[in-house]
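Next come two complexes built around chain A: one with chain B, the other with chain C.
And then the complex of A and B:
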C-alpha cells in the first residue's frame, strides 16, 4: 500500500500544527527565545542607516523623526544605529559571562556535592561572600585591575558563579540519593565517573533555567558597569554608556537618548526571563 | 564514674538548651568572619596591577608624590608590619584618611552612611508593601486571572534596571509633570547643604520641622520609588512562592473547615511563610547598601554607595577599604540578627 492512499496533511500544515502545539506547550521558550534570536540577528545583520561610530556635528540633539528614527545625541551620533550596534558587544559578552559562570559552577559545585566537613565549610564561606554587596565588589575589582572589557567578564562571574555553585551542589546532593547512583557505585564506577556520567547530565535542566536568568543578570551588570564608565572605550556603543550619555539630557527633556537603549535593555532582560520561565515550566512538567 | 556514664552525661549536656548552644555557635562565627573581612579589605590593594602609586596618581606623578602615596599606603614597609598595623588601626576604629579629600574615613562614613540607610529603609518598606500585596494576591487567586496579571507585573518590574527606572521617573515626574523636584540631592539648593543633618527625614519628623520634612520627602520620593519598584519584584516572587505553598497546607484547610473568616485564613498562611520574607529583607538590605549606588548617583543622594563608587573610580584605597569593612560589618550584624529572629519565629530550624 502506498502512502498516497491516505489523505496526508500537507507538509505546511504539519509544520503549522507542530509549531502551534509547541507554542501552546511553552509560549515562554518560543516568544522569549525568538525575541532574543531576533535581537542577536538584528544587531549583527541589520543594515544601519548611519555609522554608529562617526558623529555628525551638524545633527546634534535632534528629536526622533523620519530622518533619525530614534533621534541623535549631544555628540551627533544616530541613536538608532547605536542601539542596534550595541547589541554586538553587550549580548555576546553577557552570554560569555554566563558560560564562564556555568563552567565555574560545574567545576566547583559538582565536587562539593560530596558531603564532608570541608565542603560544608566552603559553603559557609560562600554564604559570607554572597552576603556582600557584590556589585560594588565587582566594580572595585574591575576598576582596580584596569578598565578592560574582559574584566567585565570577571565581574559577571564573581556575581553569578556562586549562584551556580550553590544550585549545582544542591541539585547534585539530591540526585546522589537516587537508586541509579547507588547502582552505578555498586557496579564499580569510580567517583569521577559517577559525577560526570551519572550526576552531571541530570543537573542540565536546572542549569538551563539558571543560565537564562544569569544572562539577564549579566545584561544588567554590563549595563550598570558601562553606565559608570567602566569597561567602555568610546565611541564604541554600549547600552549602559548610552543611557549614561542620555542621563545628562533627560532633565532638560531630551528623553530619546536614554530611553531607547533602556528599552533595548528591558526587551533583552524580559525575553531572557520569559525564556527562563518557559524552560522552568517545561522542566516541572516533564 | 565509668566512661559510659560520662558519655551519657555528655550527651545529656549536649541535649540541654539546644537554643543556647545554637546561639553561642552562631555568635562564635562572627570574629572569624570579621578576620576574613578585614584581611580581604587589606589585600584588595594587591589587585592593583603594577605600582599602585602610579595607578592612583597617573603617569605624570612626581617622585615626591609617589613617595608620599607609598608612605601613606605604607608600601615602603614590610608586608607583615603593614598587615599588623592595619589591624591595630582597624581595631581602634581608625580606617585611615581619604587620599583626595584628606578627611578621616570614619568622619565621611558618618556623613554618608545615614543617607543610604534612610534611602534603603524607605525603599524596602515600599518594596515590601507593594511586593507582598502582588505576591499574596497572586497566591490567593492561583492560576486564575489576577495571578496572571500579578505575575505579569512582577516580570515587568524584574526586567527594568533601577537606574533606568530612575531616569524615566525624572523625565515623567520632573520634566513633564513637574511634580518632583530636580534630581540634585536630598534638599533644594536654596536650603544649603544637607550634609550636616544625618537621617534628614527622621530628624525633621522628630524635631517637628515640617517644612524641611516636606522638602526631604519630595526629594526622596523618586529614588525610593525607583529602587522600591525594582526590588518589589523580589518580594512578589518570594511571597507568591511561599504563600502559594502555605495556602495548600493542611492547617489552612483545617482553618477553612473550622469556618474561620477568609481574612483570618490568609493571615495564618501569611504567618507560616513570614520567615522566608524576613530572610529576603535581610539579604536585600545587605545588597542595597552598595546596590543603591547607581541610583544614589543619578539623584546625587550623597550616600555610602555613591561615595564608595567615587572612591573606587578614583582608586582612593582607604575609601575602598572603609567601604568594604563597613558594608561587611553591617551585613554580618544583619545576618546574625536575622538568624536569631528566624530562630525566635520558627523554632523548627535545626540547631546544628
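And then the complex of A and C:
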C-alpha cells in the first residue's frame, strides 16, 4: 500500500469551478443580476467627484472633459455625480414598488384561484380597470393626491398589481387541478392550508420572472413620472427629471445632459430583462 | 360489520349543457378488513365512485355511510376530521406529491392536521417509523419527490395514507403506472399492511389479474352501473354477465393451454349522456333479446353473495322473467 495522496482541489478552486459552471448554465442571471448589483452598490457607495445636490454656477453647460467626465448642465450640476446618485432613489423605489405589487398579487390572486362567479366577476372588473391607459390613470391619481414619492409607489402598484394578480391566479388555477391538491384535500387540509402550503410554493417560479420584468417597468414608470415633473422635487436627482431637463438642451447642442441618464435607464432595464430571461431559462430547465 | 355502505348513489355531471350520468344507482358495502375491487374501463365511473366514497364529491343523490355516519350530513369541519379515518392512494404517484415539499414533510402533513398535539420530534419519529414500514429509510425524508423512483413515490403515497391509521383506504389504480416487478412488491406491501392494521380497501382497477391477487369481492362497473358483483374467485372463474365475460375473454389466461370462450362486444363504449331507459349493454350485447331494451335492468341475485344485472343469466329460468323469450 502506498500512501500517495492525490492533490485535492482546494476549496477556493471548487468554488471557482462551481461559479464558472453556474455562469455557463445561466449567463442571464449572473450578468443581469451582477450589473444590477453593481448599479445599486455604485449609487450608494461610490465616491462622487462633486456634490449632486449643489450646483457650481461657475461651471455651466460644460461639455464632457477630464474635469467633468459627463459634463455639466445649465445650472452647473455635475451630470456624472447626478446620474450615479439618481440610482439611490430610482432603484430602491422600483424594487419597493415591485415588492408591493407582488404582495398584492399573492394576497388577491391566490384566493381568487377558485372557479366561482365571484372570482370571475372580479377578473372582469380587473379587465375593465386594465383597459384604461394605466400610465395616464396613475399620472392623474398622483397629481390629484399630491406630489409625493409615496405616490410614485402607488402608481407602480396600480400598473403592476393587476398583472401580478392575473399571473398568479392563472398559475394557481392550473396548479389547483393537480393531483397533489386533491391529495391534500383528501388528507383533510383546510382551504387556507391548500393555498399557502401547496399552491403558493409552486407559483414562486413565475413570480421571480415577473418580478424582474416589473422592476424594469417600474424604472420606466418612475422615469416617466419624473419626466413629467411628478413625484420628486428638485434638486434631488432622478433619471427621469434629468432627461427632461437635458431634452431642452439637445436642440442647442448640449447632448450630454440627457444622454447619460438615458444610458443609465437603458442599462438598468437591460440588466433586469437579462435577469428575467435567465430566471425563465433556469425555471424551464428544472 | 360493514365499515362503508353506499346506498343508491347517483352522480350526474353537467358538461356544457349536457348531462353525464357518471354513476348510476350504485349500492356497495365494504366489510371491516375486506378488499372490494371496483373494475371497469375508463369512463365506467369507477374513479368517480371512489371520490364519492371519500367524500371528495357529494353525490347528486344517494348516501355514503362510513362507520354508521352519513358523510353527506357532516359539516365541512367534521368531514375534514373524518378524513384521518378515510384515506386515498392515487394512480399517478408523482402527480399526487407536491413537487416543492420534501418527502418527510409530505408524510408528516396528515399528522400536522389531525394530531396537532404531537411535537415536531414525535412527528418525525412517526414519519421515520412509517418510512421504514413501507420499505424506505429515514434518509429518504430529506429528498424531493422527483428524486425518487416511481415505486418509491408510490410507497410515499401509501405512507401518507396510512400514517393516521385509517380504517378505509381507497386505492385508485395504485399500481397501474408501475413496472410489473415493482407492482407485485407494492401489492405485497398493501396486503401486509391490511393484515397488520385491519384496513378495508376499495381497490379501483381495470386490471383483472391484479384484482384477482388482492381482492375478496369484486364489483364490475359499466357505464356508471354495477353489472355484476360477488366473491372475486367466483366472478373471475364463473362470470355471469356478458360484459364481465367479454372483459375476461380479453385478458390472457395464466393457465397454459386454457382456452377462454371469446365473447365479442359490438361497437364502442357509448357516452353516458342519457338517463338509461334500457339495459346498459343493450346495443353491444351478444345475447340481447327484445326485452333488454324495455327497462334498465338492476342487480338480481344469482345466489346469496353473487348478483348480476342481466335478464339472461343461466341460473334463472326464463319463466322467472315474467315474459316470453
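Methods note: the second predicted complex is superposed on the first by the 281 of 286 C-alpha atoms of A that agree within 3 Å, B and C clash if a C-alpha of one lies under 4 Å from a C-alpha of the other, contacts with A are read in each partner's own complex, and residues count from 1 in each chain.
In this text, a residue touches a chain if its C-beta (ideal position, glycine included) is under 8 Å from a C-beta of that chain, and two chains touch if they have at least 3 such contacts.
These numbers were taken from a predicted model, which means no experiment stands behind them.
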Superposed partners chain B and chain C on chain A - clash or fit: fit
From chain A, separation angle of chain B and chain C (C-alpha centres, steps of 10 degrees): 90
First (chain B), second (chain C), both or neither touched by A:198: second
First, second, both or neither for A:262, with chain B first and chain C second: first
Touching partner for A:187 - first (chain B), second (chain C), both, neither: second
Touched partner set for A:229, first chain B, second chain C, both or neither: first
Touched partner set for A:18, first chain B, second chain C, both or neither: neither
Contacts of A:220 with chain B and chain C, given as first, second, both or neither: first
Larger contact residue set on chain A - chain B or chain C: B
Chain B versus chain C as contact partner of A:115, first or second or both or neither: neither
Gap in Å between nearest CA atoms once chain C and chain B share a frame through chain A: 7
Intersection of the chain A residues that touch chain B with those that touch chain C: none
Partner chain A, residues of chain B touching it in the complex: 29, 33, 36-37, 44, 47-49, 55, 155-156, 158-161, 163-164, 167-168, 170-171, 174-175, 182-183, 283, 286-291, 293-294, 297-298, 305, 308-309, 312-313, 315, 320, 323-324, 327-328, 331-332, 335
Residues of chain A defined as touching chain C within the complex: 178-180, 182-190, 193, 197-198, 201-202, 204
Complex contacts: residues of chain A adjacent to chain B: 124-125, 128, 131-137, 139-141, 143-146, 216, 220, 223-224, 227-230, 243, 246-247, 250-253, 255, 258-259, 262, 265-266, 269-270, 273-274, 277
Chain C - residues contacting chain A, complex: 54, 56, 80-84, 87-88, 90, 92, 95-101, 109-110, 113-114, 157, 160
